[in-house]
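For reference, chains read A, B, C, D, E and F in written order, and residue numbers begin at 1 within each chain.
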Amino acid sequence: MRIKVINPNTTASMTAKIAAAARAIALPSTEIIAASGTTGPASIEGNYDEAVATVGLLEEVRRGEAQGCDGYVIACFGDPGLLAAREIASGPVLGIAEAAFHAASMVATGFSVVTTLGRSTVICEHLLHRYGFERICRRVRATDLPVLELENPRSDSRRIITEECRRALAEDRAGAIVLGCAGMADLARDLSDELGVPVIDGVAVAVTMVEGLVRLGLKTAKNFDLAYPITGKSWTGRLADMAP
Amino acid sequence: MRIKVINPNTTASMTAKIAAAARAIALPSTEIIAASGTTGPASIEGNYDEAVATVGLLEEVRRGEAQGCDGYVIACFGDPGLLAAREIASGPVLGIAEAAFHAASMVATGFSVVTTLGRSTVICEHLLHRYGFERICRRVRATDLPVLELENPRSDSRRIITEECRRALAEDRAGAIVLGCAGMADLARDLSDELGVPVIDGVAVAVTMVEGLVRLGLKTAKNFDLAYPITGKSWTGRLADMAP
Amino acid sequence: MRIKVINPNTTASMTAKIAAAARAIALPSTEIIAASGTTGPASIEGNYDEAVATVGLLEEVRRGEAQGCDGYVIACFGDPGLLAAREIASGPVLGIAEAAFHAASMVATGFSVVTTLGRSTVICEHLLHRYGFERICRRVRATDLPVLELENPRSDSRRIITEECRRALAEDRAGAIVLGCAGMADLARDLSDELGVPVIDGVAVAVTMVEGLVRLGLKTAKNFDLAYPITGKSWTGRLADMAP
Amino acid sequence: MRIKVINPNTTASMTAKIAAAARAIALPSTEIIAASGTTGPASIEGNYDEAVATVGLLEEVRRGEAQGCDGYVIACFGDPGLLAAREIASGPVLGIAEAAFHAASMVATGFSVVTTLGRSTVICEHLLHRYGFERICRRVRATDLPVLELENPRSDSRRIITEECRRALAEDRAGAIVLGCAGMADLARDLSDELGVPVIDGVAVAVTMVEGLVRLGLKTAKNFDLAYPITGKSWTGRLADMAP
Amino acid sequence: MRIKVINPNTTASMTAKIAAAARAIALPSTEIIAASGTTGPASIEGNYDEAVATVGLLEEVRRGEAQGCDGYVIACFGDPGLLAAREIASGPVLGIAEAAFHAASMVATGFSVVTTLGRSTVICEHLLHRYGFERICRRVRATDLPVLELENPRSDSRRIITEECRRALAEDRAGAIVLGCAGMADLARDLSDELGVPVIDGVAVAVTMVEGLVRLGLKTAKNFDLAYPITGKSWTGRLADMAP
Amino acid sequence: MRIKVINPNTTASMTAKIAAAARAIALPSTEIIAASGTTGPASIEGNYDEAVATVGLLEEVRRGEAQGCDGYVIACFGDPGLLAAREIASGPVLGIAEAAFHAASMVATGFSVVTTLGRSTVICEHLLHRYGFERICRRVRATDLPVLELENPRSDSRRIITEECRRALAEDRAGAIVLGCAGMADLARDLSDELGVPVIDGVAVAVTMVEGLVRLGLKTAKNFDLAYPITGKSWTGRLADMAP
């Protein structure tokens, strides 16, 4: 099967890291197509960044439909454009935040999230609540690391994240840790080993879950509100080509 | 003061209707600037429509800042781009759904929403839950009217909406009705009179509430997650000019 | 229009302060009628105080109906007698706690409350939950200041409140502060300036919101549970004159 | 022990019925003191009625403390003045609505409430939510019977209530029924037998629960927000004698 | 009446302590039958222990039906097997955790739980949520005492529990304390006296509440999901004798 | 990898059907070991049935650890013994109800459950709430089919289930259907095709999700409350061999 993993920001090195994480876990028979957002910011650190980056994400989903993709992963921890993407995709679409939350709830009765900037903790809390994980998440913790610091090989980000994970385990009564940024996709296995608890990267989880849904023949429900967008309306302006 | 009322879709007749509703209620000293979204669909009927239209909305907010606007109203009942708009605005920004819900909760202990398409009921329920109105809203009802039918003077939409309101009053134990589309802004006063209950149009409510916040000197909180977007990052592609 | 602002306690200096705050924000065309409760305690610091003071409040609402008042503000942070007042008023009635919560939710994604005594924090939490703001309120903080200390020009109350606000901003991930007592109505503007965040006084907010509802023609829903009290029943004892 | 059962309305026949229900269940060693509210309406059918009746209720609690009462039952299904009464009582105070909800949750996984007027259903729902029973209550049903109809021997109320209970069992997936008015206290046993399910009257339940708390030595927590009202403040007006 | 108090673990000294607590509070006319679980672990400290011990508990409930028991108390703070026991009992069945939570909510607006091991705090939180007490419980605190330490007369457990209670009162804004283990049944009265707040042991509470329900004639609802188990099915293996 | 799928009831034909569903979806490299519960009822239709069957389930999990199983599926829609099984397993353990809910939430914004007996709807609702799916589940519907009717080739069960699914789609605003019994595992694909919506069988979903977790290296969190049961305690009676 063919799964498209879309990093909605425009930083190629981060897309490469995400693609590597996806390919490392994918089944041999799964083809991973990785893409960056077609337009927008180099990193997504707030609601405005998300809103604009969503256009580039949706363009890649549309392109993915033409490419015959069976499912999609939105590789940004805010799950931007999730329901919009589901409307235009026939196969399943998963965000990495939701995927990580689902997985964490399967292996622990409580988890903490370790993310980047303080402002992202609020976005994460909104997601937890929207999805129904607000009771199983013990705490959302910020490291105050900008997203692009994770791409900087000389940064101290790995140590800072590890320490925040340790604090979560000591203070939050958490059984597992969710890493709250696609840019941390390369850290999960090592941190799991080092900390002795499940440390969860949503990119890898989402790939396995989309694979599972595709194998099960479960597609996005098209009989109600996730039906394809209504056509036959006029679209104008510079995004007129986004008309469904 | 200067309040910008943005209809995120691109239908000028609907923007005109919204502007009229806004001006009818605004204080004499308030200047209403009305704008349609700069790009996107003629009507917003789903998550995909919302996601794309958000770009055109945000462009108008950015323009509004340059125009010295003191506050903003997002005149689409899904409140698209609300938190993104708050990040780039210094003054208050209100969606018409949230405004209507706030007002309804002030005059009744329970209300029902009468909206357009069935698929919009889910978006509405998500908003109710996100804002904390899930317990005071008794029911969200669809009329199955497409948004643009509300612009068609020969349509039967007014009768259909009135009948759905009557059903809500008969069946839902509702004390008030919220009209679930900016395109119904011209109906609220008449329906209130006809039905003898508060029938609430979010456009008019939002204008008075933004006026209130501006008079109170209350601006969007910039000290935390609604701070201005982070600058200094590279923006690329056709929306690169959206860089903050 | 004519708005009655009722301080349900019997301390005239506090009523004067509240009236000043109301008049400072009211529209030129709005007449503010201020009143203290007709009977009860000098300050309201608990459920018992609230319960008795409610009678004096309701007397003033009844008098207000005879005075042709278009709307009411209950200027005590526990919102005592709110639904009872709504039953006997034709126009809108707002409590200052609810008004402040509504406003805070419009300018921030999270707020903290700074109030007087520890026992009042529980009353505040009950209100937050009843209204649906339990998720957006980050924390309710007590200063252990008795209400009447706020009337004492030689007290240290201003410094104590300011410090508690600073702690809220440092520890609670709050974007805005709600002042949890009508007796703090004179502090909001200065604290906003000093702390650089929205600091919200419910008295001023409630005035603007009642003005808005009156301008919108939105009255209390009389078709269901907020209908006028049922008449034709015998009323006895010293409050028999309260018969509707 | 001595338990005071207070009917907050002023209808002596209803107080007599309530007293009979209380004495029928009380332990031989329990003395039941029954009292009507000292002032207010003949029946309580809304928030305004409740608010005024609370004064008469609190007077009887204060008198009860002087009478050496060990505990109290507030025999009105809206539980008016509950927290205020707890502040001035040393022993436990239970409302009949909360008592009935507690008992129902012990014998069934879901219950429905059958009450009087439609407007009372909202008050009931607020209580369910305040106490945490919103998930175990399946539905609140109104019979549209005025409270005083229950005192009228020629009324059809018994048949109407029985039929509504039958509808609840048929439609609500309820395992038990809660009778939503103190004036139904004489019906529970017969309805239980007739319908073959637990039908719960809060008056009788509350008496046994207060007896239990008193036997356990559990008094109202006085270390925090239910501490006695703060003294030393000036009280004025016709209720000045209510000063604690 | 006859009430069976079942300690689902197999430690006779703990059953004796529980029986003593039950008999100390029971009415003179109540016969307390105490029993340990027939099989399983000496103490219950986790979900696995609970699951196995439930069999021994259910055997004792079945035996209790033959013994003519009018009601049951499950004397383990995890309330193991509660709904299963209700299915096979005609009279009421109460767990000590739920009983304690009910009582605490009657005498305080917030309580904290002091329990044994950290792992038990999660089980307790699940119960709080299942029953609807998640908002009134302020915090669940572990002492890290193994259950059987409470049976060791030379252990320091009493001091450790007292100190944790003091911390709860100082930090949690709690009005009452719930003791989170049947093995603490002998401590409640002394701790109440020492700390000056209601300290609640679920065993004693549950006995009074079951007595109350039995006196009220309220049995487990057999008309719906708590009906007796479906018979006529094949049961096999070593627990085949558990067939209903 | 080796996944054990345990049908906690003792009906071999149902275990065979479940095993076939598991093998049909499993990866070629996955070995499915299927087992019935070692003791208990032929079908699980209530809390009592669940409680006893849990012992036989846990025996098979223990045996599975000796067999080197990498993960487990509990193939009964009540997810009996889930947390107990997680305590004794090193790999992941999934119940089929939770698995189905997770999957449904990925492909629809609302789903309905179609299950067997009315009494099972309450168990299902408790699970939905415990897991956080109470808002996304629209309704739980009973067909009143006994579980073993699903094993009867001459029964009308398939038609009855199909009709209930159709009612769900017509009335519940559901985008997907969850089949609420392991005995329906053979119906999902056909019903999906027939109804044109995702119809979800938890057995197949759970297999793919456990495979995913094992591939990800995510095991049950052993650092906190899901740690292995505490050893060193005495176990007595006929289940003494269950000592960990």
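As a working rule, a contact is a pair of C-beta atoms (placed from the backbone, for glycine too) under 8 Å apart; a residue touches a chain by one contact, two chains touch by 3 or more.
Keep in mind that this is a model prediction, so the values were computed, not measured.
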Inset, instruction - Supply the minimal count of touching-chain steps required to go from chain A to chain D. - result: 2
Inset, instruction - Please identify each chain that touches chain A as well as chain F. - result: B, E
Legend entry - Reference interface A-F: repeating pair among D-E, B-D or A-B with over half of contacts shared: D-E
Legend entry - Approximate Å spacing (C-alpha centroids) for the pair chain B, chain C: 28
Inset, instruction - Quick one: report the Å distance separating chain C from chain E, using the average Cα coordinate of each chain. - result: 43
Legend entry - chain F residues counted as touching two or more neighbouring chains: 83, 109-110, 118, 121-122, 126, 129, 135, 173, 224-225
Legend entry - Which pairs of chains touch, using the document's own definition: A-B, A-C, A-E, A-F, B-C, B-D, B-F, C-D, C-E, D-E, D-F, E-F
Inset, instruction - Show which residues of chain C lie in contact with chain D when the two form their complex. - result: 10, 37-43, 45-52, 54-56, 58, 81, 83-84, 86-88, 118-123, 126, 129-130, 146, 148, 224-225, 227, 229-230, 233-240, 242-244
Legend entry - Residues of chain C that touch chain B when the two form their complex: 25, 27, 83, 92, 94, 98, 102-103, 105-110, 131-136, 169, 173-176, 189, 192, 196-198, 200, 204-205, 208-209, 211-213, 215-226
Legend entry - Residue ranges of chain B touching chain F (in the complex, touch as defined): 118, 121-122, 126, 129
Inset, instruction - Could you pull out which chain D residues touch chain F in their complex? - result: 109-110, 135, 173
